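I've put the structures underneath this note.
Below are two complexes that have chain A in common, paired first with chain B and then with chain C.
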Partner chain A sequence: MPAGSTYTPIATTTISGSSTTQVTFSSISGYTDLVCVANTAPLANIAVLQVRFNNDSGDNYSYVQYSGNGSSSATTTDTAQNYALASGTLLDTTNRTMHIMYVNDYANATTYKTLLTRGNRAANTSLAAVSESASIWLNTAAITSYTIRAGGEILPAGSTFTLYGLLGA
Partner chain B sequence: MANTYTLIESKILGSVVASITFSSIPQTYTDLLVKVSARSNSGPNTHDNFLIYFNGTQSNRTNLILYGINGSVGSYTSTDYFGAFNAPASTANTFGNAEFYIPNYTGSNNKSISADIVSENNASNGQDYLGAALWSDSAAITSLTIGNYNASDFAINTTAYLYGISNS
Partner chain C sequence: MLNIIAGTFSTGTPPVPPNSYESIATVTVGSGGASFIEFTSIPSTFEHLHIRYSCLNSTTTSSLMQVNSDTGSNYSYHYLGRAGAASVVAGGGSTQSNIFLGNTQADAIPMVHIIDILDYKNTNKYKTIRLLSGGYQSAYAPWVGLLSGLWQNTNAITSLKLYPGSGTLSQYSKATLYGIKGV
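The block that comes next holds the complex of A and B.
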């Protein structure tokens, strides 16, 4: 997929200080698909990485996830949640994590939107883990804002979040 | 429009090789992405396994894999092999696909890889992998090597593309 110049950074946020609980990319327009790369530093507490669209905090999201930690694998599913799931198991207090999150055809106004997320916590201990999740936002509105949070926990300094726009043509 | 997803180098094999190396990687991007289409050239296996390492060293690596094989799901750790691709006993003309994403490759943190790997077979034993790898080294990544854990060569028409991704 030699995407060339169609893979464009919309915005990047690097966390500094100790009071940020969420990152929001707003006024999103002009692309076909969205890709967000989240690279998080260790948190103060174990947390769930979550995504909300258009600031919707209602119970309008459902998801399925499967994950592995080197010795076992598991799958979880939930409905009527107030967030799309980026990963339910990866954010911890000692390791960095990385997530790549995809939203295809985010601007259409006729279909529910899906979030496909690939997450990893690379570690040279038993804390290493990977996950993949698929979420659906039960709303047909075009996505104009994209919020990432850690379930209300402080996002640690040194974490970076970049939203890219992809053009289909 | 910013050109932020840039092909650094491509490798398209016209002859078999034991490994593929991207060297002198520019230090001007934020992240790296490698896309690989690979098949093994010899040996009795249906699947061989990738090795991926940086700056010519194979030490200090920890790989974790979540896999789906024949309808079963499991997970393992390894210090070397990292997901499977097609070998001679698999369906002819079929190549495994892999994508390796390496964030912040010039930084002083330990380096991680996020991997998605598939090795399909027109019979039983198709395989799918999600991988997380850690190279416990603070050095900036200046070269990247893709090898074959099973000591076979990569076949002709194997391809590997290295992209640089900038966040601004």
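The block that comes next holds the complex of A and C.
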């Protein structure tokens, strides 16, 4: 039985200034799944978009990724990292990027959590690229905070990050 | 809707059309496990369907889907992704008895599938699905892929079955079906 509107924006952060290195959505509760949409402006340096849950900066994440730029493809995988991978080096110095990141059943306190992402860097040059990645957070705790960072780089002004909650029947 | 999209490009804030996304049903597998998860009597009041499926399996196998209880060889699929220690992999199959959603291991780490079925109630064309699938289930078998599936039947979709190729779905496997309305 339909249960009414279930796709709810929890919070949006738009970066201003030039000193922000991460965005954290905290006190997350009340939904079934999470979707985060990140739109980044060009950075000062090429960087990796990363996610951490519950402020866990330990080596408790592993990931696999593949990407393509129209002429070649690449893959990577790593274990015991201190972040979940939203995309490899899609963040660059001249183009905006868009990422959609999914976490199913984030409040489950029994199973590990999987982050699934799609990333795009649209450009009218050879810099155009796409990527897809799956990461695991080796922790069964319910996710209550969601941090997005660019590997310590400054997140540029005009970048936007929106977290949505989906509520299942 | 157009105003919402225009607002997106002007402000950078992603759109959420009000009341267009509804939860139809959620199934969570209990302590005894289950052979499958099935959504039946799917209402025809939406334009598209969206499924969010996290599966835990009792054995190394594949994740599969059937439509309207059709067990005939009426399905095809294609995938592009990264599997195990391989580089980029691609493949597919035709005249299948189900749609392949991805490989999965017997593991405590869930394999996740984000599935979209567009125009599911249209009775004038075959049905196609797309999905994003992935999980880092072990150092030897991480998988992430983009897949498409075809059901060669023009009937409206009224039921969907998610199941493993062998073994059972373990406790805490979970699938949620959403309906998306059009304007």
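The rule is short, and it goes like this: the second predicted complex is superposed on the first by the 165 of 169 C-alpha atoms of A that agree within 3 Å, B and C clash if a C-alpha of one lies under 4 Å from a C-alpha of the other, contacts with A are read in each partner's own complex, and residues count from 1 in each chain.
As a working rule, a residue touches a chain if its C-beta (ideal position, glycine included) is under 8 Å from a C-beta of that chain, and two chains touch if they have at least 3 such contacts.
All values derive from a computational prediction rather than experimental measurement.
Superposition note: with chain A as the common reference, chain B and chain C are in steric clash. Legend: residue contacts after superposition of the two complexes on their common chain; A:S62 is shown touching chain C, with no touch to chain B. In the overlay built on the shared chain, the residue A:G17 is in contact with neither chain B nor chain C.
Looking at the shared chain after the overlay, A:G70 reaches chain B, while chain C stays out of its contact range. Contact with both chain B and chain C is seen for A:T162 once the two complexes are overlaid on the shared chain. When the two complexes are overlaid on their common chain A, residue A:R118 makes contact with chain B and with chain C alike. After overlaying the two complexes on the shared chain, residue contacts for A:T32 are found with chain C alone; chain B is out of touch.
With both structures placed on the common chain, the touch criterion links A:P9 to chain B and to chain C.
Of the candidate stretches 56-64, 146-154 or 164-172 in chain C, only 146-154 runs into chain B once the two complexes are overlaid on chain A. Overlap of the chain B and chain C contact sets on chain A: residues 1-9, 12, 37, 39, 66, 68, 73, 75, 118, 132, 160, 162, 164.
Residues 1-7, 30-31, 35, 60, 62, 64-67, 73-77, 101, 103-104, 109-110, 112-114, 116, 130-134, 136, 161, 165-168 of chain B are the ones that touch chain A when the two sit in their complex. Interface residues of chain A, counted against chain B in their complex, comprise 1-9, 12, 37, 39, 66-73, 75, 96, 98, 100, 118-125, 128-132, 160, 162, 164.
For chain A in complex with chain C, the residues that touch the partner chain are 1-9, 12, 14, 32-33, 37, 39, 62-66, 68, 73-75, 77, 79, 102, 104-105, 108, 110-112, 114, 116, 118, 132-136, 158, 160, 162, 164, 166-169. Touching chain A in their complex are the following residues of chain C: 12-14, 16, 18-26, 43, 45, 52-54, 56, 80-82, 86-88, 108-112, 114, 132-137, 139, 142-146, 172, 174, 176, 178-179.
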